[in-house]
Amino acid sequence: MRPSGRARDALRPISIETGATKHAEGSCLIRMGDTHVLCTASVEGRTPPWMRNSGLGWVTAEYGMLPRATHTRNRREASAGKITGRTQEIQRLIGRSLRAGTDRVAMGERQITVDCDVLQADGGTRCASITGGWVALWLAAQKLVDAGELKENPISEHVAAVSCGVYAGQTVLDLDYAEDSEAGTDANVVMTGSGGMVEVQGSAEGATFSRDELNALLDLASAGIAQLVAAQKEAISR
Amino acid sequence: MRPSGRARDALRPISIETGATKHAEGSCLIRMGDTHVLCTASVEGRTPPWMRNSGLGWVTAEYGMLPRATHTRNRREASAGKITGRTQEIQRLIGRSLRAGTDRVAMGERQITVDCDVLQADGGTRCASITGGWVALWLAAQKLVDAGELKENPISEHVAAVSCGVYAGQTVLDLDYAEDSEAGTDANVVMTGSGGMVEVQGSAEGATFSRDELNALLDLASAGIAQLVAAQKEAISR
Amino acid sequence: MRPSGRARDALRPISIETGATKHAEGSCLIRMGDTHVLCTASVEGRTPPWMRNSGLGWVTAEYGMLPRATHTRNRREASAGKITGRTQEIQRLIGRSLRAGTDRVAMGERQITVDCDVLQADGGTRCASITGGWVALWLAAQKLVDAGELKENPISEHVAAVSCGVYAGQTVLDLDYAEDSEAGTDANVVMTGSGGMVEVQGSAEGATFSRDELNALLDLASAGIAQLVAAQKEAISR
Amino acid sequence: MRPSGRARDALRPISIETGATKHAEGSCLIRMGDTHVLCTASVEGRTPPWMRNSGLGWVTAEYGMLPRATHTRNRREASAGKITGRTQEIQRLIGRSLRAGTDRVAMGERQITVDCDVLQADGGTRCASITGGWVALWLAAQKLVDAGELKENPISEHVAAVSCGVYAGQTVLDLDYAEDSEAGTDANVVMTGSGGMVEVQGSAEGATFSRDELNALLDLASAGIAQLVAAQKEAISR
Amino acid sequence: MRPSGRARDALRPISIETGATKHAEGSCLIRMGDTHVLCTASVEGRTPPWMRNSGLGWVTAEYGMLPRATHTRNRREASAGKITGRTQEIQRLIGRSLRAGTDRVAMGERQITVDCDVLQADGGTRCASITGGWVALWLAAQKLVDAGELKENPISEHVAAVSCGVYAGQTVLDLDYAEDSEAGTDANVVMTGSGGMVEVQGSAEGATFSRDELNALLDLASAGIAQLVAAQKEAISR
Amino acid sequence: MRPSGRARDALRPISIETGATKHAEGSCLIRMGDTHVLCTASVEGRTPPWMRNSGLGWVTAEYGMLPRATHTRNRREASAGKITGRTQEIQRLIGRSLRAGTDRVAMGERQITVDCDVLQADGGTRCASITGGWVALWLAAQKLVDAGELKENPISEHVAAVSCGVYAGQTVLDLDYAEDSEAGTDANVVMTGSGGMVEVQGSAEGATFSRDELNALLDLASAGIAQLVAAQKEAISR
């Protein structure tokens, strides 16, 4: 039995509210249960120096967590004067994942920066950031299309992510914090709308895991990501 | 005529939504027009080392702005590896202001940290942070009362803040970004619920200002703060 | 009775020694009683990148305190690896204040950096830095005039500053450290030679203050600043 | 055809030279082809503060690369004043992996720090660090056994790692730099000596990958890790 | 002929003004020609943690240069956020040198920090810092004697320093900036009052130097240091 | 009697293994007894910005020590986020020394960076870095000659270094760690192949030293450096 009473293969309630802030070219507030992430996408007319004149665009991501997004307050990274390893790992993952759904040639020499700021955390913040970040990214790119700057939206593929893991001996989908902190194995899976795998990160937190368990987790994740992609489609069609 | 069409002495629409995040002991989302600040108050059972065994409590504040809270994206302070002078100035002001409404003896040797994170900015973020931060602080302290840890709420006085300035030759209340960026003189005023002055910071941005202008600004601010205190009272009584 | 025996409206003895160092384009050692600040102004032929080709000049300030300028030794900011919030607040205030007396068009695309280094502190270091910094700035600009690089001195208005506060229930002018550490309310006032207000920063340190008290403080400050401007005139005429 | 002429499932020549430095409690120089990593394990009699009195030991890792380990010189991280995200990600992975083979109860309240410094890089440095780091760790723990401080070696399971990927349309084992920089998909796999999976990190670098490709990669990795474990056994038995 | 017209073996005019600041336990303003250094010594009742309970005292030094002490303005180290290699080298040298004249047993478990801040630079700042720093140190220690906290002054030996070098083919004493920037070889020599050598640092800046040249430089330095020690004696006897 | 049983004037066994890494333009692993330093020289086609268009080349050095090169583990400088004063002092010394043997005109506008990384430390690491760094530098320059980019090798003079000191009342050559940690006086001497002195750094660690002792140390060093230069010649002729 999961602490939340959910079925093994059930996602938490998901809501994606677009237009969450007025300045960003694209934005949404994504809620996966009690995990709330504000995602904004900011367009700049040029790419980083090391990429200039390549004809390619660039998508990058930054991730942050408000100090009291968590059960106890964490030190603000700006005050600490540096970004933790965990934050760096997460923002690199988000950036790589979003680029996997982007046609960088069609995008032209532009940069879109996706900021994912966790307002409230209850497990799965990196996955919610990818799923919501994609929506903000698509909206920002669409704004360029609507303005006649691009012919078609270069965000050519949906990208969404979900966590899964082995909790109390069972493979379960979309771990919340109560499960995550007890899980023996924990995996984050990123896939495209057409079912291609972008990232698989499975990690044993106590006991190791077997090929069979990994396969069961990937099955759960595939099904969950299909639902997340449906939610993305619904959000951008509004 | 103000860009927003407001009267000279009119505040923007104000909303204070308490319980905005589930983990913090006290929290609210304050909206002053298009300026939105998420305020959380976190209680710790001990004060900073330099204050131990004084019998006094401590209230401190941190302030941050999401990278795309503004018209164009700002670099994330955590990435830059340091806090700007502006941010430091603001968080010192918020902390000082909130302490002015706190009975530090009644509070006991505890620390409450108030985090004010600007989700969307349209001028007046430091004032909104003080007004909303006070609500989060009061709620966190009240939780200690409700839990029997304190006899009465040590947040003994309301504290609220508003900006005012000289825009297009007129003294006006509660500047939004369009006004702020053009204003000749800009003042931030912090007062208690009983009308005592906590901070007055007036600054000439181009031409200097006269004693008469300063007096007119303080009159506007006093009236505005009375309305903000009423909004605080309404919020904490819900 | 004030610890120093001064009258309520008396400044400390003031001395401004110009030409205090041989390399700087303008310099002075200002002494307000036991507060001693070495001020130097350095001219550069170009403005910061973000201001280029605007036709405007720029005046900026930096502030420092020698580790043992104070009763007990403070950690050197260079060793700590960062500037405290207090220092940042002060140097931003000095820069803003000095720019208020500068004709940035007449100055041309130049930058003058005013360094204010406190050799010995006894309260009121930021105000002494503004008053002395203005002298160094004027001298450096005058050197450009004397060299034929500018037609007339673009430092078009005197700018000076003084602190005042409520000490032992009385409003007093030019607080020394003994008063400052006990004062209930503390204000720093910056004005031009022609009586315009540049900055007013009043702050309650314990009890709040009333409009009447604020007015009394501003009266004291106006009279004090007139004397400081006279001392500046005397110094630059030598 | 692979640039090195190796078969699809062939590891590079592997050599593990134990006792590579005289001061460390355990050490080895591991060579996977032209990738050379010096691994040292340092024992301390106490664990980090946040873990004290838990009865558990701790294994942590740090990773570095000499500036000219690579084709062109990289800036020294100590000079840059911070650790890159890539380095942090790698050292977190090494630490997690090595802990998966450690009986932290049997280890007692001790910390062993494994430093992995890449002297020469030709792809696969993080995997070589895990495989070689395990040898250094085992040797350091064995020294505690030999000294009578521990009854039996708490490094209870072999842990080794290998990379694999899709190069020129083919799944291949143990990518060298020439392959890695061209690979479409890249995976790092960490397993124990008894075949349990510790970490799987698969990442699409261009096209996404399918479940079938992932399975083929995991098959290659399992076979490769078995050979690496054999090399570890041979090294520690000398 | 030297730019200053001095004889080969002539020091610049030296002045040591004690009691230069009112808060420090010991202080002086040393002037070696146009090089002016403010030296303060601060006493603390305890030594650094790594030295506690050794029964020994500790003397340490910090060195700084005001931004406009030099011909052109240098960036403030506090703003740069780190201390340059040059500064670190100098402050380590000053500390080592002053400890060579200290009886650390007689001193007891105290720390004295000597701050040497260059107000105006014209070559030889590190040597002036040592010579002046010693005076501040002795005065601070004497204050402990006068207060009955120590039986006798633990600064048991004079320590003074001078530069010398090969300028225009000649060995000369006490280089000023004009000479220093052209010198082929540059040496800093630190000696005690009784003629023992504490530090010799000779460095070829262009051509190498011979043993004969080194000997000539050491002869010049010995004679110069004797005069500096006489000036120290005169200063502390006032 | 020396701990190692060596004669007063005996160097430790020296080995210089060229071609120690495959990517660097020049490299060697130098062993002075148990002190092992990996030296690499990296060529860049341009000099630092402040030196452009001078027609001169530049040689610079960086120094690092692996965390467990020493008896007990030292904190990694990259983790600490800054370079210690000791490291800065050493890398400045290495750079200065190597430039003394370089014809910067003949070198043309190129930069060669010499990295000296201590794999194992047993005293004398800075001297070994200079001696080995010179070999790496010469090899890298020779590669430019061999490629026809330079007419002749601009590394025109051998440069080598050795430590010496007063141990147990005797002057001895090439101190190992056991001697270094006990030595009363410690000197590092850098000389060219033709016997010119580049740097002399003598430092009293307890008692001061006399001119006679300094002379004896310089005699020892001269003889030792002659042997080191012979070893360099042998290494580059292979």
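Structure notes:
Lettered A, B, C, D, E and F in written order, each chain numbered from 1.
Simple rule for what comes next: a residue touches a chain if its C-beta (ideal position, glycine included) is under 8 Å from a C-beta of that chain, and two chains touch if they have at least 3 such contacts.
The structure displayed is predicted, hence computed values, not measured ones.
Looking at the partners of subunit A and subunit D together, they share no chain. With centres defined by CA atoms alone, the chain at the far end from subunit C is D. Subunit B and subunit F carry the same sequence, and matching their CA atoms takes a turn of 180 degrees, rounded to a multiple of 5.
A repeat of the A-D interface exists among C-E, D-F or B-C; more than half of the contact pairs are identical by residue number at B-C. Chain centres here are Cα averages; for subunit E and subunit F they lie 28 Å apart.
Taking each chain's centre as the mean of its C-alpha atoms, subunit A lies 33 Å from subunit B.
For the pair subunit C and subunit D, the distance between C-alpha centroids works out to 59 Å.
Along subunit B, residues 81-83 each make contact with two or more other chains.
Contact topology of the protein chains: cyclic, one closed ring where each chain has exactly two touching partners. Listed in ring order from subunit C, with subunit E immediately after it, the chains are C, E, F, D, A, B. By the touch criterion stated above, subunit D contacts subunit F in their complex at residues 21-24, 27, 34, 38, 40, 42, 44, 62, 64, 66-73, 76-83, 87, 113, 115, 117, 119-121. Taken in their complex, subunit C has these residues touching subunit B: 82-83, 85-86, 88-89, 91-92, 96, 100, 191-192, 196-204, 207-211, 214, 218.
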